[in-house]
């Protein structure tokens, strides 16, 4: 019988997701994998190797599942973090296939920890969703903007009915002719919150539509802005706005990085500031994305959010005693519940950091995770800038990264 | 004995990577995992579950390995692609934990395939590395720029000595006071090429330094620009510059997406163009990053390169017969050799697409992969814009994505 | 005696501005002009021709004055404006040397007026100044941010002591490592307000410095952002955030522009949206800067503020009846008192628009001026997009603009 | 009779430009001014005061002329410039109404000249025009791109037939779905060149249209990019790409600016680099636009081109001996023939700099002008950064700029 179903799947008479209705998750996975395997004429023996709870993930995380991809996991650290939520030493889980990355982060962690740890502070915390409406014209735009201002509390009430934890913080309007964008910002506690804010905003939109002569064009109008590089996130924030810093002593830089504070400050200046400026970049850092995405993958975060994380600003300033180093991530999405956080390996990585599941009070765990990520990004910046200053980057890649 | 080593590791008397010198890879992995496990007081049973060739990956892809992360893998498609390298129907491997993503891509693939497939063309193909030099001033800058122009062939020869496949295509100079950036662009064939161009450029830099009165500040000066959103990549390209398009018939849109070409064109217009413009964004698309990163993870690509992929431009234009849809990725990094491409599960995903390993001629496979990714991104755009136009996004997320 | 002074000036023994202490303004002007004239060996007969009140302008507007530049002044219109402050028909003064510009604007005005006028609304109105401080680190940054929040009313009181009209609306903090930027936003009524906010912020800074362990690095930290293209102004606004729109009938477009609504909408789409996106632009318009700067020069505004005005978004959408056209200027600086507004010719241009001097209530005149500028920019957009759609741009330039 | 015409003009029965056919320029000017004067109920006595050759300017520079605006003209300097074209000391003409601007530039000039002058070099020189075409899809896009590459010399020949001086240097293609942008770049010698390149490109477009199955959407597709802030100009250049620098001695900084090299370097770092980065800016300078626009107005340049000039990068680096200061303007439009350069006062300003009219060889004068502007912008940067470092900006504005 499965063979007949397989043939139907191959011919497209039955769709990949239709078999979920009749088969157990594991059987459906196997059958789809067989179709793909035969289509391409290849064996898929590795993909079959996983310990994921398929009943759960096929409901929440994946459709048309055929198996799992394995990403090598390394650790850097311990990394001392002096945050408001993350206080202590942490082993940083990094899932990557890029040789030299973990080694680089590790070296940075060692330096930071030896110098007393990274101070980290969160300056803003919210998740946004910005529907776009078509109105009658600029006069209609003004009416809608004023109506929203007057009815904020009703919209808040309606939006919050859809969620146990989410709180609507503000609605910021933006007008472009007869397009009106309303940027809803929520405190989503320990959830990264994209789904939460989508559903909550959808509910609020219903009131707007019923009481105003406007049309909804799209529930997301790109002023959110999700997974696209955007100045609005750099400036107004999305997810956590977080800064981390540390003073690395001159001795440590000379001993461990074989360079000087002055040289590192110059690399940061000419590369991360002048170079990025000249390139029309929104990211003024060395490789924040590398550390961020490796932690995101390890910790069940939405990997595409590295787009926002990549708009970080790194500063390095030399002084008599050593080097002041900082990194600021204006838009760091982080959550410890929802998404991929519950999957076996991912949950273990979160547990390594002491942030698996909801925090107490709610929100404490996602903030702790964000603080650790920021500190880890800082470690990566220090290490790479050090390697560039000492001109041993190419050598490291030649040795570790082929 | 291992217990003693473990204690030393815990106390920091021995470093994580030092044990690689004395232990087998598997034993070192186990020992490190034990340290982390004890440090956090947690069990790491899932991370231990993998079929990765640890001897190989610990040499090339990861340091301080403790195990592997499992990412659920689904497939969308088949997706018909009418490229110059990718011609045929492909099942698209997507590694993600974001519910609804595979289903959304799958729906888009179905539409594209039913309408004859996505046309794809590559307009540029190169990998870049831009060292930054300190010169004496603007007069020195002019001298260096002219020297490089006059000595291009010598630099090319030196750079290409370091690589079997890479070819230096051009060196573009940029000046900012006494900082001079030289953007080296290479054809890296089937490799994504970041390591190749780093090493090759390092060699060329040696000649520059020996014959000019300038100092190298950093081998990468951020005008490359790697893993940061940057207009230079949008405009001048990095990786593959690729466009995909398709005409979706009115019938299909009405039947499968329950909306109209006009509504979808309006969503694309107000969201992807006007909304992104208003947000100061470099990405004029709906969610290119989602598809790109899921394919990157599946196929052993460097996941952080989704930053560049996210700067895509999507257009949708309604017509009598239906909807013209396109996506352009000015900066899509893709490789089928090197990086994580050789790891078991990743190689299987590449094999599903018929692009495992080097192409014939060299470069054909990475181009084929890029064409498929572009077509897959197009499928995601069509599906999400359709969902927004029909206002069923929030419902989909409520159903699939909690 | 003047000859001796002239020789001393030529030799640099006396500085250009020193003679202001001993000579009447007119005599000093003449003497400096003589120096320049002799230095270059040229006659300066035209520069000498002006009716400016030199006693006044040499105190407020210019130093080292040697004469005046004459800029040809044309008018477009009448332009009907349906604003909240500007209601009626206006002749638009445009000071320019670019042939075809006034003709183009005039044609646009004619169309708008014939179609009932441009609707205009102001969505935000404020002038900003953002000093940058150096703090001890991210922990110090958090302290400063919180202190400012707690002491807003004291800072407001102090800032407002320095100005009769200005009101401090908000202080928005931005952090990057140990750099903290505080963006002060003021309602400056009829003044453009740059000087007012500089002086007021300087006063507030004194309190900050006296009660916090921080150092002022610069009274302007570029997050204001003044006279540089910046997403912060596009998103958060600076000066007036204003939108204008109009529906142009199909008949008018065919008769006067010899094209169709569909063609114009396509030009706007591919040029102003897709083209600007592809170029990494912050300006999504055709030539807002042309109209804005010609009005700025005519009306005694600070011409450099055209930088901010150029970040406008133009939309054009075709419909059965014709074409919906809008322009949104997120950051339009405008004032009717201060700066060059009191000078003879400039004041006459303001008077032409009924906005010379302070408004009643204060702020009404600068808002009225902003509304008129926005409507005039719209006229320019319609005219140029029409010319491009009909492909008669090159011809117009060949005829009028050599 | 004139009264009857005036009434017709007031009623709109005769249009403003129609009277040019029957009246002398001066009479038409007077008549239009009378209409505007009566419409607004005001006297226009100042606007009437000018020495412009109205026969000439009404043919080339202005339509619907009613008079002239007078802009106060001051001089800064002498400024020593060590360029390749500009060599010597120059008085810098600045037309502005912003108090303190000339004084500030003057102080900067004094410092630069005392320290040996500003070194200036031009790295690129071209004017661009980028038409946008609609093609059949991405396959059609590829065809067009390849056709253009193969037919460059024919297009060049056709384009250059329309101009005595202009030379087509390159055509760079950009694709976004079925929109294809072709960026034509020309050497326009002493002309700023916008009209020249518009007309030349229009001619080349004719061949493209006659031999390819494509449609011209607009002769300018915004990838030029003209008068909008755009990364493409920062990166690829438009107009002159020019850098200026100088080493200011420690003594001079202390004596004249009452601050230190270290403080100025820090202001530049936190304001022009970190601040601009944090603001999502394309301009990394203090006030390049102020100097540029004042020189543009004085010298008959297109004032709206200050938009491009504002995207300058300023660097300041402290050293034992003093402060290294540079400014780079990637996109500085400058011309000494055409536009407003022939008008009396403007020509006198150009003559002050020795650049009135065409250079020998052609192009030498516009390059000389660009070098002087860059050096003048540098003087403004040094002066303002010095004022901020010494915290006397607000005081200067209080004293000079009310």
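Here the chain labels run A, B, C and D in written order, and each chain numbers its own residues starting at 1.
We adopt the following convention: contacts are C-beta pairs under 8 Å (C-beta built on N, C-alpha and C of every residue); 3 or more make two chains touch, one makes a residue touch a chain.
This one's a predicted model, so the numbers in the text were calculated from it and none came from an experiment.
Visitor: For the chain pairs C-D and B-D, which is connected through the larger number of C-beta pairs in contact?
Guide: Between the chain pairs B-D and C-D, C-D carries more contacts.
Visitor: Taking each chain's centre as the mean of its CA atoms, how far is chain B from chain D in angstrom?
Guide: About 39 Å separates the centre of chain B from that of chain D.
Visitor: Which integer distance in Å separates the CA centroid of chain C from that of chain D?
Guide: Going by mean C-alpha positions, chain C sits 16 Å from chain D.
Visitor: Hey, what residues on chain D touch two or more of the other chains?
Guide: Counting only residues that touch two or more other chains, chain D contributes 174, 176-177, 179, 231-232, 234-235, 274, 276-280, 282, 284, 313, 315.
Visitor: Please categorise the chain-chain contact pattern as a line, ring, star, complete graph or other.
Guide: Topology of the interface graph: complete, with all chain pairs in contact.
Visitor: Going by the contact rule at the top, pick out the chain D residues touching chain B in the complex.
Guide: Going by the criterion above, the answer is residues 119-121, 123, 137-139, 141-142, 145, 173-179, 231-232, 234-236, 241, 243-245, 247, 280, 313, 315, 317, 324, 326-328.
Visitor: List the residues on chain D that touch chain A in their complex, please.
Guide: Counting only chain D, the residues touching chain A are 231, 234-235, 269, 273-274, 276-280, 282, 284, 313, 315.
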